[in-house]
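See structure below.
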Amino acid sequence: MQRFYKLIQIALIALPLLAMRQDKPLKVIFFGDSITQAGVGPTGYITKMTEMLKANGKSAQYELAGAGIGGNKVYDLYLRLEDDVLSKKPDVVFIYVGINDVWHKTSHGTGTDADKYVKFYDALIRKMKAQNIRVIVCTPTVIGERNDNSNAQDGDLNYYSKLIRDIATKNNVQVCDLRKAFGDYLLKNNPENKEKGILTSDRVHLTDDGNKFLAERMMEALVQK
Amino acid sequence: MQRFYKLIQIALIALPLLAMRQDKPLKVIFFGDSITQAGVGPTGYITKMTEMLKANGKSAQYELAGAGIGGNKVYDLYLRLEDDVLSKKPDVVFIYVGINDVWHKTSHGTGTDADKYVKFYDALIRKMKAQNIRVIVCTPTVIGERNDNSNAQDGDLNYYSKLIRDIATKNNVQVCDLRKAFGDYLLKNNPENKEKGILTSDRVHLTDDGNKFLAERMMEALVQK
Amino acid sequence: MQRFYKLIQIALIALPLLAMRQDKPLKVIFFGDSITQAGVGPTGYITKMTEMLKANGKSAQYELAGAGIGGNKVYDLYLRLEDDVLSKKPDVVFIYVGINDVWHKTSHGTGTDADKYVKFYDALIRKMKAQNIRVIVCTPTVIGERNDNSNAQDGDLNYYSKLIRDIATKNNVQVCDLRKAFGDYLLKNNPENKEKGILTSDRVHLTDDGNKFLAERMMEALVQK
Amino acid sequence: MQRFYKLIQIALIALPLLAMRQDKPLKVIFFGDSITQAGVGPTGYITKMTEMLKANGKSAQYELAGAGIGGNKVYDLYLRLEDDVLSKKPDVVFIYVGINDVWHKTSHGTGTDADKYVKFYDALIRKMKAQNIRVIVCTPTVIGERNDNSNAQDGDLNYYSKLIRDIATKNNVQVCDLRKAFGDYLLKNNPENKEKGILTSDRVHLTDDGNKFLAERMMEALVQK
């Protein structure tokens, strides 16, 4: 009889765990701009991640979805947060935004001030955490691939990356430090210090190599912990 | 005795009606930028409106409150909509925003694209209307007082004003056409075609005359209908 | 004695040549940006002016040449003034620059401040007048064809046009008021208030109608006085 | 024969004059923006250089003059090159310009495109070299003192510095690499990674320490070779 109770006890403890393991794949949303919009294309980074999972027999465990719209800045994500993310009930959300916030300052006069960037970013995280979503924040990749901090927006991209790392610490969420990863890669693999053609086709949007490299970094972040 | 009950009955029915009529003033919130932030100062337009109501013995009917923050653009209003407006349960809200959306394009590289301006404006109205708030949208006043469309941002301000009028039509809300009112006033009262010093002290922020003129236009819009 | 006849002979031959020298065509240079660069193309405004002269049997009296380079602002003209204009010894120069000075403020962050615009413009005129060139200054045409001052750069274009008119008065040179001419035309001929497609194909560069309209305005200015 | 003696006589008189010519102080002009305009102030870098020369008993050998005007970009220097530099017949000219060319992109929308920057810079050097002036080109110092390439304009400043080094090589003129010097100093002396307060008071304009540091770098470049 005691045994029986013991078994019941174990079952009661184990059941939820089993349920958590088996019942439904982890729903992951990538929330971002044109790079993420292209991420679900035939050679996009999200497509590549799905292929990686398949190759490793883990297709059933993850369901990856893109929520990227070209030209989006942090406040655009905030405007469509409910419709495009919260209502989908994801388990994990990657926030990958910032390039347009910096770039549009000179290209359109409509970038995002650093203090506003932080406010909206904090608000995004707060609303996601309120729904128990695991948030992974990404530092912005590149606008220009020169590896000696001589691309016009490097200063601002480095600064916004620091802001994102601070936001992560403050909100206790995980960082996927894409800017550092891209920088390290370009130091080694861009000996001619070219502006584009390594990981990007046009200084911003990704080549096949770029999508592959991004997919690997995202996957590392996803399976971490 | 029956009469007494009858009276009580009537009173019980009438009281809530009376209460509805009398007990609480119409709560009006002015939602905007630095001009509205200054609007609650000693010579600000909201203060002047409160004084106008008092002078006309209508103090009990209206409760005016400012919700202006310097440097705010349309998306900043959206970010603090819940905290600064919806949670206060206002009856009427004036939305008066757009100057920074246009101005910051060249002064900081962080203005607001026209299409994004419309999207956030629509979202503001939608959320207010869902709470049965009477919304009054204001066209932006001026950045420079020259009266011949030769202030640097006149083209953009005229365009954003048209967008606001279209937004009003589409959403069936009232317009307080400040840009037109200021323009008409300056045609008559700025014979030297000066950049500032008539309704503004610095091309944007209001002089005492400017606050008075604005208070009158706002009051007309408020009591209309 | 034979020598004397020889001299007479030479004189008789030379006389018509001298006459021709006096009759030599008036050399006109159009100094500007991409619109002027396209002006010498098959349907460009300078080509059309040459055709107009031919049709009127005045080909021999004028020699028109373009000196336009895409993206040029007033200071770019100043940098190449010696090489592209003064060294060619023109009789007349049209200066037609200003669109990029205004436009690039938001599109690239590299427009020209109004005070600098005036300084370089004055310097251009001063150097041309020192060489006895007849200078005709043109106000900038359009960036967007809406006819109600609601194109984003209308305020600035109107302002820079006023500056040019003031420069002309101050330096006692002729004005070809293209901005006014285009504005008047669009008021009559753009009933739907479209952004482009009337005189321009893309808000700035000219359609065939635009080149024809511009050629007529330039011709009027050239033959005036 | 008498003619020959006459020539010898003239030579003997001329020799001391030639000697005097060599002994006359080296005329040095600093050609730049607001930092150079402030350079001739009581604590400015040019004033400090003059004091350094006096302390070393070399006052007679150098005559230092400032030609800085606030807000100047490379093309502003070109416009006033004749009046403010060439007409003064200097022996040496330091060109120190670039901060506003980069900064004004976002602060006013009126910075200078990189290709135009190079064109005007080349033209400055060409005209100076035609007058046998020894030209020393300076890379721009800082807009923000953070030492990890996270000041907004660091990317652009690094890039324009590379352009200046290339211009120097191409034109065979000396470089005073202020950007590198300031960067190295800030790596050691700005442990808190502050935005200002080390060498600058406001991210751009120099503190007393900044002027002293700049004076030393300029002096090293001047006495070099």
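So that you can tell them apart, the chains are marked A, B, C and D in the order they are listed, and the count of residues begins at 1 in each.
Assume contacts are C-beta pairs under 8 Å (C-beta built on N, C-alpha and C of every residue); 3 or more make two chains touch, one makes a residue touch a chain.
Computed from a prediction, not measured in an experiment: that's the story for all the values here.
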Going by the stated contact rule, which chains contact subunit B and subunit C alike? A, D
Which of the two pairs, A-C or A-D, is linked by more C-beta contacts? A-D
Using mean CA coordinates as chain centres, what's the gap between subunit A and subunit B in Å? 39
If you average the Cα atoms of subunit A and of subunit C to get two centres, how far apart are those centres in Å? 53
So, in whole Å, the Cα centroid of subunit A is separated from that of subunit D by 46
Junction residues of subunit A - those touching two or more other chains: 105-106, 108-109
Which residues of subunit C touch subunit B in the complex? 105-106, 109, 144, 146, 148-159, 162
Write out the stretch or stretches of subunit C touching subunit A in their complex. 105-109
Can you check the complex and tell me which residues of subunit A touch subunit B? 75-76, 78-79, 104-106, 108-113, 116, 119-120, 123
